[in-house]
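Both complexes shown next keep chain A, but they swap its partner, so chain B is in the first and chain C is in the second.
Let's turn to the complex of A and B:
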């Protein structure tokens, strides 16, 4: 925000040009013209804000209201209970397990996913034969519906007759308890998430890589840098802003992971010992399983605050990177 | 349709915010038109066996009535729709509901029309009517089908173990209480080394359905499961016997489906509609058969009702149609179409039902067997608003023991603490 001190902003300039102390009475036409100039911009941006208010802000506030009620979905009414729902949820063992699982799945999916996406993007950035084919190929899993992905992977991760465990048994190894061990179930779910999102992130990173000026590579090559060295000291630093974007979207998506764990077994309630219960599934179970919308709404708000907190951490990192870049130039 | 939903739906968490925001906005597509012209909407799910031809016949018999039939793909879709519109309006004139939702619906029975009609008394099995009657004696649904349970078994595996294979001999062998069923199981396991049933959750569920009030006090809905010795006994027995008898395959899982086909277990407790599930998962397997017996008396799993939302514009006309659709004749047609076993005892004398057989189950006289099994059901277990949450938690407790992650005692303690959070 340092720039605001140096340059006057538009809003500071406006009053100077529009004060009409000495001007004569304007005609209707020119008055309309001035309103047009003043109001039109707001009108142009209004659709977004109206839509946001209807589909974003209203549900958000309404959810906050419901969270303070012992809510009856069907009669659409409730009695005020203050923060009782929050207290209840925070005292539930299942909530904390769900939080643990969410972060575990998030870490297991985001980190390998980004490493893989950067690597694949670097490979695709080279001069390949049938470039478009490969580039579209990595996006293919993204097009597949998550439910279909879950069906395919459930064949892979079956406990007794799944492909992986069958192979392990044939090799004389112990089968893995995909649906009993929390960590194994997280790995399985993270695999599905990665299958779906790696290609998407790859394409975003690839686009950013192609924007890196080629002279930098030429200069690096003249200085004697090899492929790896070029990748580490030219490509990666140039990708920083894009990486931050990818990390933020992956965070938001990762903290809301729902489809994959819900489809991980036939019950869809997160496992007999809540091995893969995530926060959004916990919310769903409260809302649609027990019809306790008060508690479900309070979980929604806790999740919202968590994501905001993560967003702020990300923002801090972003601005730090931006300022280091500014210093360099 | 008496089908417990097999696949969990992928309804995004988004639907929560939509439902929270959905206020008022009723979409009453139907209404009274001029001169007694009436359009009635009927909402069902899966396949109730109601054909267009059946509706055409009703329209012909009742001039001025037009019927629009909407079918949801799964019962979960229908359930979400039913509950999100029950209070605000916008439901069809006739809404099909599954027996599983009835305990939750009972809290809102005043929003549904009272369908009790002296002329229809005695049409349904007593326990079918009892489950749909609220505390004030109002009948909120007309029964369509029921899920009387019997024992399905693999005759080929029985032969290998030296057990009788003929379905009447098997019925005689298993006749008795649960101890008999488990005892025969031990004989089988000793002879073959293979498990007897799919999961301890199967016998447990059947045993708990034979307890009049398992989890909640019928008067106050207070949760009493912690002090109910009968439930604990059923839990303990299912798990103790399960140590040697269970294949530990949780129902509806992929491994369970594979197990139906590859002989992972020799018996399964099966309601009438389960026959289709078994055939669907093991179409190439020869040897599944069904015995006219059920441990500890009778048992019912599943079945549906037709309800009439009280806010509809044509409550009376809808009630007439619902009564017609659940008549013995119409339900016999539904049985012929999709195998939904009727809840109307009058049909049990019909030649059509008595003579029906099932090729896949070795030409078993399926009609006869299911009629006996339906008549054997005596208890309509009380299910309060928390029944399904508690029951789910208990099945999770059984799974935790079967997958080896906890002891029976630990798992029971965790179950009790989970139940406490329901308050």
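Let's turn to the complex of A and C:
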């Protein structure tokens, strides 16, 4: 490889290779060599950790401090108010509506998306012609920015002239108030999330499916299990760890959903009656609409705790589902 | 004669039902692109027409021109800024992750295990929730509205470090490093001539991912950047903010902003697919 380009001369080789460990007097060069070996690893990880501590970790912890302050933007500092911000937020009706919407959008995007991703992955796991073509095809939506996805789908879900309502009318059905009914708006926003992420998760699940030993299928086939039964008793239990991973990732991202609901109409406030206001949008409105940083920080911490708690619940549920499937076999 | 695979039941060629379903999935993936082009190539009146033609009109370039010429949207500034931000962030993430990943995978040092576990644990923390103090810090530094405010917080990635560590652990034999050291190469020289070349495939994938993630990122740039000096998604968000929304222009803009990433996908989509699939098995 690259290191072979220049062979060192004998004299260069001596200090490192022939020094006895117990030699009392070390040449400067070999002493430097030892320091080099000792310190280098720390120097290599230091830039990452220092920068990460400053820009990732410190802000998260400092959020807890700001949350206890009544923040003054002019002085750019605050006065201690204890847990007042948390109390204010928790007694604010909008917060609870935002929480409801967030969970609703999360459920509508995670559950159908997982079912779709597992199904498509099972199709891709077959012995297809032009494998790469199909795989790239399902991943294509991933390159569209959420903002662009939201612009496109807001048009498709338009109340008056959108393609979907036009089609419903053509079929003699009633158009749906995508921008008026809370649940309908959640479905529309969840559709945007699903559009962008289903293919991505499909590929993750496909990789896990391909890691399932083929002998397991052959054994099941010999036992007389059909394709569907093989899928339920062999594939799904083997996907357990991957499903847990996908659900946890979806939880972290899903509970912070912002771009799609923000861009769902031209106002960006989450609808006239907060039909699709999410927690992160609520945080944004507090912070950069009302410039109340103390309360915005308390929302950030509440959201953080929710993500942790909800992530643990999902971990438990996913593990259980996957392992009961396993027991059935 | 063509050599035929033995039909074992498991590996037999699937029938037309499977291909039919996959075609449906692909149509669903591609439809929003076609729809954007269809609407984006019409005009304001054709958007609202109930009997819509499925043949694209001839106005796409005119609509695209009114996106890039709209003084309220700052499309070119947004494009330039997105290129600067995404390139800088990708370069930094790849460099810092390769360096740290190499140390974690191949060098022995006190505390390495703890630090690595710590790094993996932070992957689960939504650092996006630190936006309030981050903004306060940017005000303090006078960086609000500057690209640095978007670049610097994104320069590190815990995922990147984890990714490079996993890759180098599996693909770089210890013997190569030892050989270089025995030959008298310094630690950094060994990294440059042995570690970095071995890391190249994983580094390319990490660069691709980071580029896409940074390019499509909206929340933090939207908070910290000025409307007249935006990144592309922030510029794009302003297309819809007018009192009158002409969707032929909005969707032309949505498609226009996606073209750079579609080009990237055409070139690197294969790597992206194998990157996601490799990451899944290891992660």
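In this text, the second predicted complex is superposed on the first by the 259 of 329 C-alpha atoms of A that agree within 3 Å, B and C clash if a C-alpha of one lies under 4 Å from a C-alpha of the other, contacts with A are read in each partner's own complex, and residues count from 1 in each chain.
The working rule: contacts are C-beta pairs under 8 Å (C-beta built on N, C-alpha and C of every residue); 3 or more make two chains touch, one makes a residue touch a chain.
The structure presented is a predicted model; accordingly, all values stated were derived computationally and were not measured.
Of the two partner chains, chain B is the only one that A:92 touches; chain C does not reach it.
In the superposition on chain A, A:134 makes contact with chain C only, while chain B stays out of contact range. Judged by the touch definition given at the top, the superposed model places A:289 against chain B, while chain C stays out of reach. Contacts of A:197 after superposition: neither chain B nor chain C is touched. Applying the stated contact rule after C-alpha superposition, one finds that A:276 touches neither chain B nor chain C. In the superposed model, A:58 lies in contact with both chain B and chain C. Once the two complexes are laid over each other on the shared chain, residue contacts for A:106 go to neither chain B nor chain C. In the overlay built on the shared chain, the residue A:74 is in contact with chain B alone; chain C does not reach it. When the two complexes are overlaid, the chain among chain B and chain C that reaches more residues of chain A is C.
In the superposition on chain A, the residues of chain A contacting both chain B and chain C are 58-59, 62-63, 66, 76, 146-147, 154-155, 158, 160-161, 256, 258-259, 262-263, 266, 268, 280, 283-284, 287-288, 293, 296-297, 300. In the complex of the two chains, the chain A residues touching chain B come out as 58-59, 62-63, 66, 72-76, 88, 92-94, 146-147, 150, 154-155, 158-162, 177, 179-180, 256, 258-259, 262-263, 265-269, 271-273, 280, 283-284, 287-291, 293, 296-297, 300.
Within the complex formed with chain A, the residues of chain C that make contact are 5, 8-14, 18-19, 21-22, 25-26, 28-30, 32-33, 35-36, 39, 47-50, 52, 96-97, 99-100, 102-104, 107-109, 112, 115, 119, 122, 124-137, 139-140, 152-153, 155-156, 158, 161, 176, 179-194, 197-198, 212, 215-216, 218-219, 223, 232-233, 236-237, 239-243, 245, 247, 250-251, 253-255, 257-258, 261-262, 264-265, 269-270, 272-273, 276-281, 283.
Listed in rising order, the residues of chain B touching chain A in the complex are 6-13, 16-21, 23, 80, 83-84, 86-88, 104, 107-108, 111, 249-255, 258-259, 262, 264, 386, 388-389, 392, 395-400, 403-406, 414, 417-418, 421-422. Those residues of chain A that touch chain C in the complex are listed here as 1-3, 5, 7-8, 12-13, 15-17, 33, 36-38, 40-42, 44-45, 47-49, 51-52, 55-60, 62-63, 65-66, 71, 76, 120, 123-124, 126-129, 132, 134-149, 151-156, 158, 160-161, 163, 166, 169, 195, 199-200, 203-208, 210-211, 214, 217-218, 221, 242, 245, 248, 252, 256, 258-259, 262-263, 266, 268, 280, 283-284, 287-288, 293, 296-297, 300-301, 303-304, 307, 311.
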